[in-house]
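Two complexes, one shared chain (subunit A), two partners (subunit B, subunit C).
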Partner chain A sequence: MRVYFRILGAHLRSTLEYEADFAIMVVAGLLFQLLNLVFLSAIFAQVPHINGWTYAECVLVAGMYGIIAGLSPLFFEGMWSISWRINKGELDYPLIRPAPVAAQVIGSRIGLHGVGDLIVGGSMAGWAVTQVSVSWTPLTVAIGLLLFVSAAAIHLSFVTIFNLASFWIPGPHPFLAITMHNIEDMVRYPLTIYGQGLRLAFTVLVPFAFVTFFPLVWLLGKPFAWAGLLTPVVALWSVWLARFTFRRGLLRYESSGH
Partner chain B sequence: MALVEARGLTKVFRRPQKDPGLRGALKHLVQRRFKDFRAVDGIDLSIEAGEAVAYVGPNGAGKSTTIKLLTGILVPTKGTVAVDGHQPHVERIVNARNIGVLFGQRTQLWWDLPVRESLALLRDMYSLSPTFYKQRLERLDDVLGLGELMPVLARKLSLGQRMRADLAAALLHQPKIVYLDEPTIGLDISVKDRVRQFLRELRADGTTLMLTTHDLGDIEDVCERIVIIDEGRKIFDGPLKEMKDQFARVRRMHLQLASSVPLAQVAAVLPETEVAQGDGPHSVTITFDRFTHTAGQIVSAVLQVTEVGELHLDEPAIEDVVRKVYAGELLRESV
Partner chain C sequence: MRAYKRLFLISARNVFAYRMSALVSWIGSGAFLIASFAIWKALLGDGSIGGYDWPSMKAYLIISWATMQLGGAGLEWRMADRILWGEVATDLTKPVDYQKARFAEYLGSLTLELIAITIGVSLVAMLTGGFAAPKQPLLFFASMLLVIPLKFMFMYLACMLCFWTSNYMGVAWAKNALIMLFSGGLIPLSLLPTWLATPAAVLPFASVTAAPAIVYLGQAGLEVVVVQAFWVILLWFTARLLWRVALRALTVHGG
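The block that comes next holds the complex of A and B.
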């Protein structure tokens, strides 16, 4: 952890050297999230609610995803470099240093557009929380935080797992991870709007449903609220799977040249 | 037990068999065929603490792959490695503290950070104490001239500066053994000398060295032992001198004769040798196999014909031997 934060900090400083880049990336993050909000508002201008989800509740879903999706470039961007690292043999040096390879890889980049995502996502969620009907007790807050942390862990674990596919599918670009990342964008909206097949796939196959939907189902007291409490279990499984995949991947690592 | 012990070390890469062009690529999608490629094939190697070993072979012989197996970057297909009693790819982190690695073709410095930051990150990873770190930097600064490089971004360094900074990065934690994969590649002569000087000092400090290189100067300057591999197999392992004795059979003697003598007359008394006109008017060059003739025999044979003024014997050059290896000649002879 210490190594990870040291590397990340050093990269933050070096990235901040390029002030224009920083501004552009933050604005890009802001615009992307705002665009999404505009889209959501346009729909609700026509209908009062979607499948029992009100405007505020939908904003909460989108906001929560905005926050989680914003944490990922800020703290996890390096994972997206793994496919070119595998392709170019750039895991050689991390492998000969006495620190976890994952920490070195993850810390090696910082995506400041996450700041924009965080600001807009945070504002959306902040506003929505005051609008939805939840009876807040210390317990609700505690469980809510646990579910949020678990949801973020699930998201980051699957970013990792899909990027690690490059150990098995050679090539310099993380095509699977990019595809899955785009698919995950669907959790911006309440899962109920999708067909049964998709819902099942998102719950069992790739548990994206636990990134926003189930935790909020629990918070808002919707049908199947109990399922939200499974989020920490799913998170443990996801983290284990990511670690396992990383270990197996490193055993297959072939470096470059010979 | 030796510091590095490798037994039957083997690495097989699986390579896709594709026909050329898009058509071949598409065909491969449907009908997947692979071919095994043995980059390293049953290598036994042991290195004692304090040794300096040159690991030599033509391009593609399996040098870098061996280094990657010894450092734990690659997992061996077969065979075992132990470095200071640890299996590198299993006890990766324990092993990492004992070793320093430099790949001359690639930097381990963080591209967008100043050298100082990169070294500080490494200090944290190896958990070096501030006093130790300071001492180490001073020592490395003495021999590598780091001072001027410290504030420079890695991507702004010249190749020579980069290599110096990379050497510092590999040696910061004072490893027991240092693997150097082509440490002088692409460097100009003065930087090369500096690096070699540094490697000699490392040896004097008792550090074990293993270096792969195509530069024979590196070998003669730094190493006493040479291991030659080709096609993934070890074909020689021993002291440099022994290699010269074993493989450099052909010697050349230059003689300055007292009088002008026809070459044929000299050749007549020296069957099985090659007699050629030397540089000067009265000089001849005699090339002989040192297993069939001694230098003394050559001289006494020539003395039967004429007086000899000066004589000079070429030392067997390591270049000649390695060139023969690279040309594939020794491999056939020794197997």
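The block that comes next holds the complex of A and C.
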């Protein structure tokens, strides 16, 4: 853990050297999150709710997704580099250093557009939380936080898992991970708008539904609220799967010829 | 002219070499399209919002998807990388006009893309039970044709910013976000709040998505297509001007 933050800190400093790039990345992150807000505001100017979800509730979904999606560029950006590391045989270096490989790989980059995601996502979620009708007790807050951390863990685990697929799929680009990331973007809306097949796939096949939808269903007391309480279990399973995949992947790793 | 034709052909073949990244971008935008369809279906039901009912909204969404996909074959990243890494220096020694050469490559990359877009649109039409027919087919066709050079100009101008930055990712995202918002790709411009609809009306972005869509739906006519043509010409010459400034900012390491 300490090694990870040391590496990450070093990369943060080196990234900040390029001030213009830093500014552009943060602005780009801000803009994309703001688009979601503009879209929701524009449609809710016309209708009072979608499938029983009010404006504030939809903003909460989008905001929570913004925060969680912003965590991965800030803390897990290095994962996106693993496909070319495998491809070029660059994984040799982390493997022979006396520190966990995962910490070295994951901390090897930092994506500052995550700052933009966090700012806008955080503001959206922060505002929405004060607007939705939830009876706050210490217990609600505690469970809410647990569900949020679990949801973030699920997201980060699956970013890891799909990038690790590069151990089995040759090529220098993490195509599967990019595709799945685009698909995960669909959970920025309440899942009820999608057809049954898609909802089932997002629950059972790849648990993206637990990244925003089910935790918030529990918080807001909507139908299937109990399913939200499964989030920590799903999170444990995801983290285990990510670690397992990492170990199996490293066993498969063949360096490029020297 | 022969040189440009070669570039066109090479670029057309290049798309096959980068087929995986093309496929990924297709699946990604497919997911976006499903999300758009789902949320609008939930919103509209059997009613209508801002003059759009479900059949016309379907047409709007598919046109906006097609115009977003157009020119996404990864050419912009190759151009940006060549500037960032300084390889543009070798392009400068070639006896072709830089802007026209890139345009020829862009057109080449479109060949496969246009086929793919046609298939995509037909598939969506089949799966969602068809959508409203074009109100002005000829004018719509002309409008779509003008989208091709317009998308090139946005890409080309954004790439040129690489002369001043050391990374293209942020520029590309900021550009895509701006296009998304002000082109009508996010939501029809008539549904935007005034403080956003006003800049959208004077910016060139509306010409890439809103223009063909509203011509298709018969909400506007020839005037929109004239505005599109105006932007193509203006941006083409702005790019030439910027290019001259940019060359002075060019840094190439090593020799």
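Please note the rule applied: the second predicted complex is superposed on the first by the 257 of 258 C-alpha atoms of A that agree within 3 Å, B and C clash if a C-alpha of one lies under 4 Å from a C-alpha of the other, contacts with A are read in each partner's own complex, and residues count from 1 in each chain.
Methods note: contacts are C-beta pairs under 8 Å (C-beta built on N, C-alpha and C of every residue); 3 or more make two chains touch, one makes a residue touch a chain.
All of these numbers come straight from a predicted model, not from anything done at the bench.
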Practice prompt. State whether subunit B and subunit C clash or fit side by side on subunit A once the two structures are superposed.
Written response: fit
Fill in: Angle at subunit A between subunit B and subunit C, C-alpha centres, nearest 10 degrees
90
Item to complete: Return first, second, both or neither, reflecting whether A:Phe175 touches subunit B, subunit C, both chains, or no partner chain.
Response: second
Worksheet item: If you stack the two complexes on chain A, which partner ends up touching A:Leu198: first (subunit B), second (subunit C), both, or neither?
Response: second
Worksheet item: Touching A:Met1 in the superposition: subunit B (first), subunit C (second), both, neither?
Response: neither
Worksheet, complete the sentence: Between subunit B and subunit C, more residues of subunit A are touched by C
Item to complete: Could you look at A:Pro98 and tell me whether it touches subunit B, subunit C, both or neither (first, second, both, neither)?
Response: first
Practice prompt. Return first, second, both or neither, reflecting whether A:Tyr253 touches subunit B, subunit C, both chains, or no partner chain.
Written response: first
Worksheet item: A:Ala10 contacts which: subunit B (first), subunit C (second), both, neither?
Response: first
Item to complete: Working from the superposed arrangement, determine the closest approach of subunit B to subunit C, counting only CA atoms, in whole Å.
Response: 9
Item to complete: Over in the complex, which subunit A residues touch subunit B? Could you list them?
Response: 2-3, 6-7, 10-11, 14-15, 89-93, 95-99, 108, 251, 253-255, 257-258
Item to complete: Please give the residue numbers of subunit B that touch subunit A in the complex, ascending.
Response: 13, 39, 60, 62, 64-65, 68, 71-75, 89, 92-94, 96-97, 99, 101, 103, 106, 108, 110, 112-113, 117, 120-122, 124-126
Response to the item:
subunit C partner, complex, touching residues on subunit A are 18, 20-21, 24-25, 27-29, 31-32, 34-35, 38-39, 41-43, 45-47, 50-51, 113, 171, 173, 175, 178-179, 182-183, 185-186, 188-189, 192-195, 198
Practice prompt. Would you pull the subunit C residues touching subunit A in the complex into a rising list?
Written response: 20-21, 23-24, 27-29, 31-32, 34-35, 38-39, 41-43, 49-50, 164-167, 169-171, 173-174, 177-178, 180-181, 186-187, 191-193, 196
